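Each structure below is given as structure tokens.
Here subunit A shows up in two complexes: once beside subunit B, once beside subunit C.
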Partner chain A sequence: MSLTRSEVEHVAKLARLRLSDAELSSLEKDLNAIFGYFDQLRAVDVTNVEPLAHVLDAVNVMDDDVPHECLPREIALRDAPDRTEEYFRFPRIL
Partner chain B sequence: MPLLIPSPETLRRNPEKLPEAVAQSLALARANRHLGAFIELLDERAGVSCGEVMARIRKGEELPLAGFIIAVKDNISIKDVPLTCGSRILDHHPATFTATAVERLERAGAIVIGKTNLDEFAMGSSNENSSFGPARHPLDDTRVPGGSSGGSAVSVAAGWCHAALGSDTGGSVRQPAAFCGIVGLKPTYGRVSRYGLVAFGSSLDQISPFAHDCTSAFEVLHAMAGADSHDATSAHVKVPECEVLSLPKNKLRVGVVREFVDHEALAPSIRAASREVCDALTSAGHTLVEVSLPTAKLAIPVYYIVATAEASSNLARFDGARYGKRSADATDVNSVLELSRGIGFGPEVRRRIMMGTYVLSAGYFDAYYRTAQKVRRLIKEELQAVLAQTDVLLTPTTPSTAFRIGEKVDDPVAMYLSDIFTTPANLAGLPAVSIPWRSDESGLPIGMQLMANYFDEELLLSAGMELERLRPGV
Partner chain C sequence: MSHDWEIVAGLEIHAQLQTKTKAFCRCPNLYGADPNTLVCPVCLGMPGALPVLNRETVSQAARLVIAVGGTIHLHSKFDRKNYFYADLPKGYQISQYDEPFSTGGAVRISAGGQEKTIRITRAHLEEDAGKSMHLDNGASVVDMNRCGVPLVEIVSEPDFRSAEEAGAYLTVLRELLRFIGVCDGNMERGSLRCDANVSVRPRGSHDLRERTEMKNLNSIRNVERAIEAEAERQIAIYESGGVVHRQTLQWDDQTDELRPMRVKEGSDDYRYFPEPDLVPLELETEFVEATRRAMPELPQSRRKRYREEFGLNDEAVYFLATERRLSDYYESLLDGKRNPVSVAGWIQGEVQRLLKEYGWEIEQFPVGATRFGALMDSVDKGSLNRNSARDVLRMMLSDDRDVDSIASELGFGVKQDDTQLAEIIDQVVTSSPDEFERYRQGKKNLIGYFMGQVMKAAGGNANPKLLQKLLAERLERE
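Take a look at the complex of A and B:
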């Protein structure tokens, strides 16, 4: 299958990436080449194969419910692009 | 290339020589700045660590890594040291805590001299995707050192450090180790805590050491391995007591992967080297078994679908809200996100986020992501089946030796194919190591890869030690 220019624009929007026209054009070319190569996967018979998400048979590990020292507020805020005294500042959402 | 600083054994015996060795290591890195190995050198911090290590030795403490001078890839956190991930989006963000792996190595006596260059967010096979410029091959600066952990590989291969940490998601430690002629070990998935490693592909990533030989790779692994309450994916599997690596106790059954040693993309010199390794193993009394991994040929599409899907999700956290760069032109929520990410990420990271977003998007999820996960299971089962009949598997590490800077930048598919032999171990979660064998006709190193069963790094590295013993003399 091949990606159209408008699909590439849609994916960029989903990914929250503002891209130039030139980059969208080169991505259209690259992604078609890449996924063209990936299409060889379609030839594999995967009937009745369960998808694999995690390689080890890991189970959830529960920590004891005790308070630990946590990141001090001032350290968490020290690299904020914008902040008030105690909070990260961000353009209003609602 | 020879080690240009005293060996860890020498420094352990003469701890008073440590400050001079650390200074020497820093001076070498500085004098060779054109190789682009380091993003930041940590003179002051290394000096403090050095004093602490000497004091602990004087007190009679047993430090398994005393005398080790190491470098750390700059996608691994060290408290208060800028963490760049080779990206502009983090804008020299000072890390708020130290990665467990680094903390354990320092506790064992290692001294960190700096943070090394990498492909942005560990996405690349050449170290050309760093926003700090490329790292260069120590034997030929027109060539790549491999990637994504290129800077760490250079720091060890050039002889300035005893070991270095990288991260291996699809070969990012084994491939540069092969290109630079050193040992690169990817431990079993979960063997080493990833707390403090910036996530790329969470079902694949492992913090992985570079070293000059298997013995020191094992020492470094031993010091940092084991469960960590800060990383729920770290495995609760006992770390072997044995701290000294020895040659294999029994003759090995070595599986030779037919599809890989006969791969059509393999450089003739590497094909010849693979044959020599097989002959040397046979002469030494080991048994070779030809094995077939028909599905592992598809590792590249499976890997790039899974890894980019996970990356697009992991990298969603870089949003210009809490740290790093925020676009000055942004006015509302969407423009903060879109502009900060559009300018903050470099082209390869943007491309991979696009790939990952696409394979997870409605209408394509089943065709790509779900299918890749299913083929991933087939690859894992295939590897487990051949490892049930053998001790280790042998393949070349890379299809070619170090290529020229710029040679593959315009052809993403060709670049992705550099990982063709390394990605199966990540997809299956198995431990794998690249061992330098010899050089090709241009003097560029050739690496051979060994894979072993889950959590059997000891057998893996002792088999590696056997390859080191059989290696043609230099």
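Take a look at the complex of A and C:
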């Protein structure tokens, strides 16, 4: 199993990464090396193994429906790259 | 629409649950607060913050699934759906992918004079995104208060063959969600949202053609109009030899136009994977059964009963079996013994009038079922007439004494005393010698005249049955 160059480009696009040709080539090589390990994993016979959704044995970790205190808005917005008085601001899309 | 084509549509409905807090953090789940004041590290997606599932979301989702007759899966898990948008600070939405909360279920609808069953594919838990807005000054901003609000996504099978069917389904489902108290159903505010998947095919064929998805359908009417418009658009493309492409369209309810939003990312592109921050959900059969036992009787069943057992007309049936609190109040007034038609009359008439006058919801109506029931009984026994009972009811709104005390303070209910009534009758008969004489000579229908006169003299407060009895005795007396 291996990734083609255009698949690498597609994944980069989904991850909103703008990459140079050199970076794409380098990542293609690295990713395919990683996929090599997956091929090793695939070789294991898992016929009678239940798929595992979580590494812990715990289930049903839940909280009661009781409100906690929220962050003050000033703190919530403090590290925003761009903001108005009350909102996060973002570049217009489309 | 052309008769050569038929619509094949399915709906995805997102219902915001009516919890006090969000799905994975305990920030309040509240509409209309100041922007970005109901947020915390979890819903803002800050590094290291960990989600914890809200127990109440599970209970409400379970009620919803039971209400549509679906199967709750005892085992389900959460997954991450990855995409980038400014209203999704984590970069992924917590959802359920391959092991959803439930599958199956159905909703009975009636459209075009025909009953039909719409099958439900699945329902799963997920979280809402923030709300982005485009301000007049050109800035795009986002309010994260909605981010993390619990949603149940209900996916239907592509069972709709007309826009009207889709509208009917949404109407029934919305009613049901409201009735069981899991969603307020407010489409304008977005607490109930609808996406439609639409394709068309030559009538009679069974193939499924490429579909498009429409978002932002914020009223039942808009769902219908958008499906119509999109079907027309696709038919025009096919008839001119073109090809329909998979895409997402946005319905603009100002201009009634469909605008392409983006080329739809396939589910591969969402790169779903199990959410490592949440452990799986393992429900007990006993939880499901207890939830089932606690379910109220649903509107469709109540309507059938009101119609068939109570003999109520369609208007009354619909009125009394749509809002849960009103319906429950009606049934507690009946108390298994009062006349369903007469109680319905009270609620549709006087109670509605008072609710409107005071701007109350039914749960704010201050007269409880026991006291109101006693008032109705007084009318049935004949000790109060309807007009007086209305005045008594009005006084009961702010006076919690019993019916008899209020009635006697208002001067009602005293004329039913035999002697007092007999005196009035005597006066009336004595002061109408001509009519009395004609009655004695055989004009028996003059009894109506005497009834009216006595009732007038009694200020409308005579017990009609007693009056008729005493009057007849007096008139026939030798």
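Convention: the second predicted complex is superposed on the first by the 90 of 94 C-alpha atoms of A that agree within 3 Å, B and C clash if a C-alpha of one lies under 4 Å from a C-alpha of the other, contacts with A are read in each partner's own complex, and residues count from 1 in each chain.
Rule of thumb we're sticking to: a residue touches a chain if its C-beta (ideal position, glycine included) is under 8 Å from a C-beta of that chain, and two chains touch if they have at least 3 such contacts.
Just so it is clear, the structure is predicted and the values come from calculations on it, not from any experiment.
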| item | value |
| --- | --- |
| Partner chain(s) touched by A:Leu14 [first = subunit B, second = subunit C, both, neither] | both |
| Which superposed partner A:Ala53 touches (first subunit B, second subunit C, both, neither) | both |
| Contacts of A:Ala33 with subunit B and subunit C, given as first, second, both or neither | first |
| Partner chain(s) touched by A:Tyr87 [first = subunit B, second = subunit C, both, neither] | second |
| Subunit B versus subunit C as contact partner of A:Ala22, first or second or both or neither | neither |
| First, second, both or neither for A:Val66, with subunit B first and subunit C second | second |
| When both partners are placed on the shared chain, which of subunit B and subunit C touches more of subunit A | B |
| Touched partner set for A:Val44, first subunit B, second subunit C, both or neither | first |
| Contact residues common to both interfaces of subunit A (with subunit B and with subunit C) | 14, 16, 53-56, 58, 60-61, 63, 71, 76, 88, 90-93 |
| Residues of subunit A defined as touching subunit B within the complex | 1, 3, 7-8, 10-12, 14-19, 23, 27, 30-31, 33-35, 37-38, 40-42, 44, 46, 49-56, 58, 60-61, 63, 71, 75-76, 78-82, 88, 90-93 |
| For the subunit A and subunit C complex, residues of the former touching the latter | 14, 16, 53-56, 58-68, 70-71, 73, 76-77, 84, 86-94 |
| Subunit B residues touching subunit A - in the complex, by the definition given at the top | 93-94, 96-97, 189-190, 203, 229, 232-233, 235-236, 295, 298, 300-302, 304-305, 312, 316, 319-326, 330-339, 341-342, 345, 347, 350-351, 353-355, 357-358, 361, 367-368, 370-378, 380, 412-413, 416, 427-429, 454 |
| Touching residues (chain side subunit C, partner subunit A) in the complex | 19-21, 25-28, 34-41, 44, 52-56, 58, 77, 82-86, 99, 132-134, 138-144, 261-262, 265, 269, 271, 274, 276, 278-282 |
